[in-house]
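Next come two complexes, and both contain chain A; in the first it sits with chain B, in the second with chain C.
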Partner chain A sequence: MTKQISIPGKRSRIRWLPQDNSLLKYICLAPAVIYDSIFFLLPLVFLVWIGFWSVENYRAVPGFSLANYSDIFSQFFVKSRYAYAIAQSLWVAITTTALGILLCYPFAMALMFLVPERLQRLLLVLAITPFWTSYILRLYAWQTILNNNGLLNTLLIQLKWVEQPVTIMFTQWGTRIGLLHYLAPIIILILYLVLRNTDRSLLGAARNLGATQWQTFWRVILPLSKPGIVYSAVFGLIISLGDVLSGIILGGGTGQSVLGKFPLFSTVILNEYAASTNLPRTSALATILIGIMMIILVSGLKLTESES
Partner chain B sequence: MSTQRKQGIDLGLAIAGWGYLLLGFLFLMLPIVTLIAFSFEDARFPTFPWTGWTMRWYQELLSDGRLLQSLQRSLIVSPLAAAIATVIGFFAAYALNRFNFPGKNLLSTLFIVPILVPPLILGVAFLGLLSRLNLQGQVFSILLTHVVILMPTAIALISLRLAQMPKDIEEAAWNLGANEWQALYRVILPWAIPGIAGAWLLAFTFSFDEFIIAWFVSGFQPTLPVSIYTFLGANLSPSLNAIGTIVFGISVVLLTGVELLLLPLLLDGRSSSREM
Partner chain C sequence: MNPLSAAKPQSNPSLQTGVPLTENAIAATAHDLEIRGVSKQFGSLMVLNNINLSVKAGEFIAIMGPSGCGKTTLLRIIAGLEGMTSGEIRLQGKDITHLPVHRRNTPMVWQSFALFPHLNVQQNITFGLTLIPHNRADVKRKVQEVAKMMHLETMLNRPISQLSGGQKQRVAIARALITEPKILLLDEPMSALDPHLRVRMQGELKRLQQTLDISFIYVTHNQNEAFSMADRVVVMNQGNIDQVGTPTEIYSRPATHFVAEFVGNNNLFDGEVVSVSEKTVTVSCPQGRMQALWHEQPHQVGDRVTVVVPAERLSLASAGTPGENTINATLRGFEFMGSQVIYFLETDTGYEVRMIRQEALDQSLSIPINSKLQLSWKIQDTILLGEQIQ
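Let's turn to the complex of A and B:
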């Protein structure tokens, strides 16, 4: 290799036709493969394994016991009530994601079809600005806004729209607002890119063939943007299920929803570890979360398969 | 084209659309504006209406030092983690883009999957492994683990850029006598620079903002988000608004980079890859 570099190109023109099994391929792939194996796959294997360990004298002891799982499942509906936390997590994640797509879709549409071309880029940058600012600080700012004597309530009372402050903080609506603020820039960007990539001539064709605005939307634009909706849904669900900050900072840990005053499952995992530093048990809980995500992912795949 | 496509939209719908955009931007910008405004507000407990103007939260921030210290830590960890992830990601993206081999799909999946696993799960998993290796509770452990979650987007973005490069450029370099390494260094790398820079920006932001993994593995050396979380739980203080304003300053710099590097990659990519 060094020999070839030292040969001046002028003197001898070697016709290099690199083959597919060249050394370069392995050298380029090796760092990523090794890194992901050691610091991604191995920890995940470890996680599942540690779930079967036990704790003695505040130290995790390797072994194989089902104690963590039997204890967790015995508390599914009593005491820690994990089942309720899981249900709360799913409910909040699904409603937030659905809301996110419903609210961001018209936004992306308006951005694409109303805003003049040269302004679009600027407005897109503005729309994804929140994503580049600190999430936890945005949640803190939302506290200032949503508090019982915060910006929103002060405004509503001064406008005489309400008499008593509206309680949003420390309910799952607070959680949803925080999550929406995190998800919106991502969903807007995804949907905007998908809308932008749709073949403009199809819209013209639909109009020429006499379709109304609504027909063009329902029959052409919406079906074409389905991949964007699916991506947004997957991202929204994964992020909402895994997020701890909004549920704690705006949801107050055990926010009220139609299901009742239950914490999110992610909050439970964080709080249990903070209180006990019992890693085996936390690992078992995290493994259960992996299981839930797998079920969602597989059923999502099945759903899209059966439709197409 | 723009006149052609607006012909079909009637006035009522257009007004509604603009109104909706306005509302949307209000929602998106409200917390950021609030944060900045209240960093100068006199009252300790942020309520409305505004009571007076002050700089003392910035002074408090400077004299306390804890938040600034973790900001410093973040400003070491995040650029470094982003750089490592982009370098590894560049090579992986190049290999995926250029070579065909059995198991390529499997490998691409492996490279993307880390971003599909919630950081909460990864945080617990990393802690499990690192505590066995006695590597937990250090700045170094955050660096190690952040690289994992930053690589997928780096690989995806750099691949996007590489896919936009006409294949014959590299072949031309070979025919002119460059070996694979020279072609990689002199031809591919310069082409990939915008992708690499955009990927670094995104990676930096992810790392800078990442909370839960850092919370699990950082121990007594918290990064900024972890520090802020502790602050929120203990003593609510408007210095959070002050640090928020400073962080927003960093974001504005990042956003300029995004507008110059990342958006062209996402928006203009199609036209330049037409010939493929």
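Let's turn to the complex of A and C:
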């Protein structure tokens, strides 16, 4: 006679969830795994891999060599001066993201606390609608606004606020405006959701214990929305670092800032890709950018992890 | 009716006595909190309708009522977390009606505790003190004091997420008490605790209130909590105060139909007064004729009244004892509650009657279900309520 022995550890604790080795579990997991593999992991691995290839007779040859990296790092501060481009990219990304959070936080706050509940969803949809229109189209639309004889300058001159047109196009501010327009919907959505999840009674409790509205903001709302700020910063930095279109269409590919005249790192990668036939070297440059993004992502996650 | 005009006569006791006392001095000695004609309207909905209530210094007041009766709204109005349509609130004689919430010092213990999750126990407790210019040594001393009182000394550095429900509640109370308020507001603070802990906390809370000698205003829908702790109970219904009294008064002399139904295990019979004698009033109900003793309210023949009989006062009749009312009912079931047994009976007219007896289980089980019984109760245990005007 055999006895059925059940091993508690082997079973899922929630009964209706698929058991450890059930087929259902694999069927449910499969789409996510397949999707991520084909559209994310595979291209990434390929990109990193090509970075180790070499070029012989204008043709990329598979292999494993660190020549590309040693070449890049030898030019880090001289000739191509990649380090300066990276610094320029980080400068634009950090200032744009900070500006984005500073502009979107009051918006999310107003949406959450000043707008009646029934209108909040509508306004949120309106706020993130730009996200669904073509990015390139939006950048060209900005050109007509920011041009020296564009909408903004015409208006400013008509109002006699300025005498000469303000040059925004083909400056770093143009790049930032394009990026901000892209980032704002994401940042607003993240901040709004985090603020929405804040227990309203905590705000009442703070007021009840003697806090003014400002104190309630600084001591309760802001610290509690820290995860949202971190997530927004991670998104903003990664997208700004990776974006090349705003830098070209609105920034004109130039990069004049307090740091000096250096192009953005993403523009450098694009130019290398377009100008030279050295695909492995371009891949290596892209791998470096992805590495920087990974560092930002992981530190962002670590920062929010320690909160909870 | 203008609620303010109704409150006027009470507000000038100095004029009546002729003693040249300031109004503040009188109020300070007599009442911690005075709520005068407070009304709150949401559109056409009257959430609070002309509420008048005075809380004496050091009094434990329980505001009790079903959900939606306006009890929490009243508490939030006292705290200044919500505005009112009309009325006046005085704290120790000082008019705080228009004082913003953060300047009232009317701390509240929230139903969800509302502890700040990003701060640890000590930071939560000191929150109120650190909002204004403060002396660090002073704050430290006060934290130690309050923590000792609430048995929290060992967990001051713990994050909130690591506390149990009971500990969270103690932190919430400590946080409210550190600013040394004259009055503490509690909004169903026990509802998030398990029943076992709830009973223990009731005793602790009552002792705390007596030690501190400050007024507690405790909102609850739970009759046991209200009765076990409060000096006076306020029963609210649909934005009105139906009755204010000591737990005994509320229990034995419900003032309205609603209070009689909401409080205790009362049986209610509607009827009409058929005769009034020197001592007793006789009422004819569909369930039979019932007698009650005269009380404050005079009743006349033909008055519509409600006869209230507490379930604990009913007993199985032993052949026609004088001075008792009797009704016939069929036993439909019973519920064993440990020390007592609840009998569910049905009268011939299909009306449910409940009887609670302190009996051993085996005795009650000996009565078969569906057997016809005669129930009786003493005439002096009968409560008469006049027709409700609503």
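Quick notes
Just so it is clear, the second predicted complex is superposed on the first by the 260 of 308 C-alpha atoms of A that agree within 3 Å, B and C clash if a C-alpha of one lies under 4 Å from a C-alpha of the other, contacts with A are read in each partner's own complex, and residues count from 1 in each chain.
What we mean here is this: a residue touches a chain if its C-beta (ideal position, glycine included) is under 8 Å from a C-beta of that chain, and two chains touch if they have at least 3 such contacts.
Everything numeric here is computed off the predicted structure, so don't read it as measured data.
When both complexes are superposed on chain A, chain B and chain C sit side by side without a clash.
Applying the stated contact rule after C-alpha superposition, one finds that A:46 touches chain B and leaves chain C untouched.
In the superposed model, the angle subtended at the C-alpha centre of chain A by the C-alpha centres of chain B and chain C comes to 80 degrees, rounded to the nearest 10. Contacts of A:91 after superposition: neither chain B nor chain C is touched.
By the touch criterion defined above, A:202 reaches chain C but does not reach chain B. When the two complexes are overlaid, the chain among chain B and chain C that reaches more residues of chain A is B.
Contacts of A:220 after superposition on the shared chain: chain C is touched, whereas chain B is not.
After overlaying the two complexes on the shared chain, residue contacts for A:210 are found with chain C alone; chain B is out of touch.
Closest C-alpha contact of chain B with chain C, superposed model: 6 Å.
With the contact threshold set out at the top, residues 204, 207 of chain A are in contact with chain B in one structure and with chain C in the other. By the touch rule above, chain C contacts chain A in their complex via residues 79-81, 101-103, 105-108, 110, 112, 114-118, 127-128, 131-132, 175-176, 179. Those residues of chain A that touch chain B in the complex are listed here as 1, 4-5, 9, 12-18, 20, 22, 24-25, 27-29, 31-33, 35-36, 39-44, 46-47, 50, 60, 103, 106-107, 109-111, 113-117, 121, 123-142, 144-145, 147, 149-151, 154-155, 181, 184-185, 189, 193, 196-197, 200, 203-204, 207, 213, 216, 238-239, 241-245, 249, 266, 269-270, 273, 279, 282-283, 286, 289-290, 293. Across the interface of their complex, chain C is touched by residues 199, 201-202, 204-212, 215, 219-220, 223-224, 226, 307 of chain A. Residue ranges of chain B in contact with chain A, taken from their complex: 1-2, 4-6, 8-10, 13-14, 17-18, 20-21, 24-25, 27-32, 34-35, 38, 46-49, 88-89, 91-92, 94-96, 98-101, 107, 110-111, 113-114, 116-122, 124-129, 131-132, 144-145, 147-148, 151, 155, 174-182, 184, 205, 208-209, 211-212, 215-216, 224-225, 228-229, 232, 240-241, 243-244, 247-248, 251, 254-255, 258-259, 263, 266-267, 270.
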